[in-house]
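Next come the structures, one after another.
Both complexes shown next keep chain A, but they swap its partner, so chain B is in the first and chain C is in the second.
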Partner chain A sequence: MQLSLSAENKPIVISSLFVVAILIAGTAYTLWTAGTAPLLSVGYLLQQLQTGSFLGICAAGMMMVILLGHIDLSIPWTLTAAAMTATAVGGDMALPTALAVGLAVGLVNGIGVAYLRIPSMIFTLGVDTVLRGLMVAQTGGFAPQDTATPLMLFLAKDRILGIPVAILVWAAVSLVIVTILTRTGFGRSIYATGSREGAAYLSGIRTRRVIVGAFVISSLCASIAGVLLTGYSAKAYQGMGNAFLLPAIAAVVLGGTHILGGKGRYVGTLIGVILIVLLNSVLSIMQMPEAGRQIIYGTVIVSMLLVYGRNQRVTS
Partner chain B sequence: MTTASLGRWLSRNMGFSAALLLLAILFLTYNSLHPRGFSSAVAIQNANETVAIAFVAMAQTLPVLLGGLDLSVGAVMTLTNCVASEVLHGSPLQIVFGVGLTLLTGTLFGFMNGCIVVYGRIQPIIATLATGAVAIGLALLIRPKPGGNVDDDLSWALTNSVWDLADTYGFAEGGEAWWIRPFADIPVPFLIVVIVATLVWVPFRRSVIGRTVYAIGSAEGAAYMSGLPIQRAKIVAFTLGGFLASCGGLYLAIQTSSGNADIQQAGAYTLNSIAAVVLGGTSLLGGTGGAIGSLVGAMILRVISFYFRILDIDPLLQPLIEGLVLLTAVSFGVFRTLRVRNQLDLFR
Partner chain C sequence: MQATSDTPIVEYQGISRYFAGIRALEGVHFACRPGSIHGILGENGAGKSTLIKIMSGVLQPDAGTMRLAGRTVNFATPKAANAAGIVCMFQELSLVPDLSVADNISISDPPRRFGLIDRRAQVRRAEELLAAVRCEEIDPRALVRELSLSRRQMVEIAKALGRKPKVLILDEATSALTSRDVETVYGLLKDLKAKGVASLFISHRMHEVDALCDTLSVFRNGRHIETFAKGDKSEREIVRLMIGRDVEAQFPPKPSRKPDAKTAEPLLGVRSLSWGKRLNGVDLDVGRGEIVGLGGLDGQGQKELLLALFGVLRDVDGDVTVGGRSGIPSSPAAASSAATRMALVPEDRKTEGLMLGMSIADNLLAASYGRISKGPFLDMAAARREISDGLAKLQIKIGDAADPVMTLSGGNQQKVVIAKWLMIDPDIILLNDPTRGIDVGTKQEIYRLMRDLANEGKAILFYSSDYAELIGCCDRVSVLYGGRVVSEQEGSEITEESLVAASLNIGTEAA
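Up next, the complex of A and B:
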């Protein structure tokens, strides 16, 4: 291994090492208290990754937006709206409905940010609130159908050759994102626009369409995660997406993607998600109360970023 | 002020003026629709419910002026709310000590945020995302279950009119003195916000540090080259943000007589504070705006929610209407886009 790491790969290597450290620490704990090492069994790890796939898919979409230097705060209720609308429609049309919701939300977000030039932070926040309002209004007074369709159950719970389908879906989404980012003009346009939109625009990139595209991908990912989560918990419910926003941002940033855009590799996001999922599972094995979890969670993010996420000093 | 200078002020403070106008219209309409509108009771109730979000919005303004964002304001407010719910009782001296401890907690937390941002050189948005989690964790440690013990007199006196304040603590002849009569009907919470804003924000804005904060938001490189104290200004900005957030937490404890380490509530306060800051005319890019604007923005957000009490709107539609109003209000920023002559100006 080379001793000098490129700035882009340093976060990835360090967070991988941290993942290993978590596994070792967790295993040491379980060996000491119970004399077993569940963390190292394939079955347990697959199960953790299965529950982590929802976060993983959200983070994949979030990364596209963060690479542009924007942020998508509408993920929680995009996820919920897609899931609730899909189960309300039900049957064979459930999955297309969820994707259609994702597409529509992504278009609205993208147009607001790219064409109206409203800061993404506040626009997606507004869209999130509106979606919440729509869902409350839709479910109010009567209870629409909210049970998962057989297809959703299959996607979230079944296994093919021993591997949970949810992980396969996550892998497929990852493959698509990696291909987009490294093999297509659209991917390169995302990096260029994220580095400096004005320069990208002058180079002939249609930056507004790039932004809309990234927001659409983000919302589509959120809706896929919604479908999976519905299958996993057998029904769609209000607030099901709330737990995914901040961990998704944290995973993307821990993976070395710059929060102001332009820099980052998808592998990093993948490792960031695994790190957060494993950290959570080790903390639950230790039966850490919520207070301790939050403190450890925050401390880990800050200290990891102190190691590799530091900015250049402003000198001119 | 002459017409010309007034015009110049208006064109420089478009967002703030628009927000002020919107607030005036919304508030006057609300009071004229309210069966007991323009009364002290209504004003007290409104003021009470506005204080916490007003302080949190002011706290959010400082990082935003720097061109960053503080995702921990809601969490710091929650943390200080829990601290206050533990210490605000006993003898008057103990209560004063409790108030000091609460404010110190928030201030120190803000100072820590500032140090992480300045010396750790981590982007504020992501650093505060993490420290916000720490603040919530600490809040849960202090108060695993909602509840608390807050001095009843203090709670009553600070959440009612000036007359009640004087009556409770027996000064100014129990509120009957001639010099206090003109102010007797003013809600105390409103006065608290105004006093903190005047004593903290206005001097800060006029100081070198305050101007440096604006300069950093406009062009950090230029501010550095001009020899301005960049690092100190950033730390002070976050520290002051922590102080203002703790004012919000302190008041919430006094108002509700309890502390509640609620993650959802903390998140909602943070997000609403961003909305209030934007509504008040502060640019998320940094460098323009101010805490007074955010105060107005927070009031607008609250007045909108007051409307649901007097208008016969289906409660199920309330979140939708709130969301649409918020989205519409922030979409007014589009006028800047439509006025731009050179496409490149869009990419700042």
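Up next, the complex of A and C:
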């Protein structure tokens, strides 16, 4: 195998090929049933990316945490809490409020995992539940303001030169994440800590700060996604983040990031998000009933991971 | 003992094995007779481990045949090899840390009663086997994770004995043992020899091979070079066979002048350092240009001392002065970035020294992110320069710095750990048994490097479980016993006898 791919790039190539396969299959279907190929139109693809940007931003943050070998299960209600608090404050302070909520939740998660040494799966699940309680309490006695501010509407729905602003926000977040991961000591320390925390610590890396930093980024991403989603649906509401947790984890893992940490490239996560968004969309174009969609969606994720595992074994 | 003692118990003909096209073993002919202790020598990467993995069924050969007592065999799994009487103790310990000693010893075939594991019989069996290796003090109910590395290794030996081997393979089995245990293992191997068991003994310590083996085989670059009876060749000739070239003196010469440690302030001063029950008031000074050795039996607090100095342990009492400032570093990060920088080469390079899954470049840079950043961003040009400097300085042989560090041989891996620390230009270097499980050639390079660093004015604190290293490398040796320094020796006072006596805390002032 002269052209053998590194273990890190193989999942990226496979998932890219799968994205192409989805587009071909979907187009073949529409050509056969309606004689048109809407899947290949620029308008359709931009619209998919626009709705995919919420998931994409969540997945970007989730990847930082997964690279450490941890997980952030508090994303759904971090997203919701940021959105609901932001709309309740309203006006110009809405966006800073959302980011402040994200920062606070991230610090709590990071300190709980890095300093109190509580497993992230438990701690972030607890934080998620507490946030849900807080949000229920907030809306219990009275109805706070929940409409999106003009800035949120602009970020989620407007277009600049024909490109949805949400895609630009996603691109900006991606650029920041890629720069952190490849060009900063903090980013390399995330890989080192995720690869083997003890060796990283003994190399003089301040591993606890690295862990806190990654959780803060994850929560900040969730709060940005919350702001966009509020703008997209014109208001914030309870449970708005529920649909994002598992797809975000799936996108990161489909993109080749090792679930136990230490390995993975951001471009993989991007492709993982696109794959999930297109798969959902094509299945709904095919008017597949919900049950069938769920089955296919789950089967695809599991079988792609099987393919990755098998390939890695052969190459090693 | 048996009539078959002339036919080899194990015989290889033309065994070859390749990994991704790279030769690990090629055309190896090798035979081993029952009732012999057969030493296998060779540098890391010579193919010893592959040879043994094939023998014990972990790997299958790509070509060639293997005979066991005259019968052609082909082991598909380690279990099959075990059933045929081939028992192997691997270099990487194969014990499960969260199970008890007794569970581990009987892990593959526990005594059963009504289909369930008979705990009492299992403990009894463990007690018998531990007694056979003279480790009665190990509680069979204790968890393996609570034992020190040397105790674990003895448990490993007990476990191997429990499988009633016909061929016993010891891969670096003594590298972590104390000298008393080494004696026990020697005795055991001689008993087994009398019973007609063939032992294959792999060690990087020449004097052990010399003391124990009756036959020696040398491997180099995946080929079997020569097999001969012990005594046929001098140590020098053997080393030449192993590395394929002549070697100079094993240890670099020590500077004849005394470093001015007495006039100058020591770079590292330690006074009555205590930590829990493991350190009980250690006093120690290391000056610039000095290599100070830590001697003593295994588990007398040497490792804890190094970890405490590097800021790893919590609740350490005592006074530590680093470059004139007093105070124990609060973390490895603080220790390695203070005005007087410290570096620690840890005990286990695979779990503590390296991020095995990451590239060579990433491992080299792991301690230097702060130094090669401009603002928050890494200076990529500086990073590349540092990497090539580090590789050149230690003569690390690699294909590409982007390759995973686990593709390197053990010696080169350890060099990566050292190079990583040299990048921060440390003033004090703490070394925890840096030559364990490393080939002769690399060991000598490390000795020379230590002396060069000392001559540049660095202070080096060096723990080794090998007395010859302490004698050959150190300007002074502090022997620890029960968590405190019981003897300090200097220059020509350092001899094997004096170190052993001090280690056992005899012939010195009462503790």
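Convention: the second predicted complex is superposed on the first by the 306 of 316 C-alpha atoms of A that agree within 3 Å, B and C clash if a C-alpha of one lies under 4 Å from a C-alpha of the other, contacts with A are read in each partner's own complex, and residues count from 1 in each chain.
Definition applied: a contact is a pair of C-beta atoms (placed from the backbone, for glycine too) under 8 Å apart; a residue touches a chain by one contact, two chains touch by 3 or more.
Note that the coordinates shown come from a computational prediction; the quantities given were computed from them, not determined experimentally.
More residues of chain A are touched by B (comparison of chain B with chain C). In the superposition on chain A, contact of A:126 is made with chain B only, not with chain C. When the two complexes are overlaid on their common chain A, residue A:42 makes contact with neither chain B nor chain C. Shared-chain residue A:161: touches no atom of chain B or chain C.
Once the two complexes are overlaid on the shared chain, A:198 sits against chain B and chain C alike. In the superposition on chain A, contact of A:263 is made with chain C only, not with chain B. By the touch criterion defined above, A:188 lies against chain C but remains apart from chain B after alignment on the C-alpha atoms of chain A.
In the superposition on chain A, the residues of chain A contacting both chain B and chain C are 196, 198, 201-202.
The part of chain A that touches chain B in the complex is made up of residues 73, 112, 115-119, 121-123, 125-134, 136-137, 140-141, 196-198, 201-202, 207, 242, 246, 249-250, 253, 259-260, 289-299, 301-302, 305-306, 309-316. If you check the complex, the residues on chain A that touch chain C are 179, 183-186, 188-189, 191-192, 195-196, 198-206, 262-263. On the chain B side of its complex with chain A, the touching residues are 69, 116, 120-123, 125-127, 129-141, 144, 220-221, 224-225, 230, 264, 271, 274-275, 278, 284-285, 314, 316-324, 326-327, 330-331, 333-334, 336-337, 343-344, 346-347.
Only residues 310, 312, 331-333, 335-337, 344, 346, 351-358, 362, 365-367, 369-370, 372-373, 376-378, 380, 420, 424 of chain C touch chain A when the two sit together in their complex.
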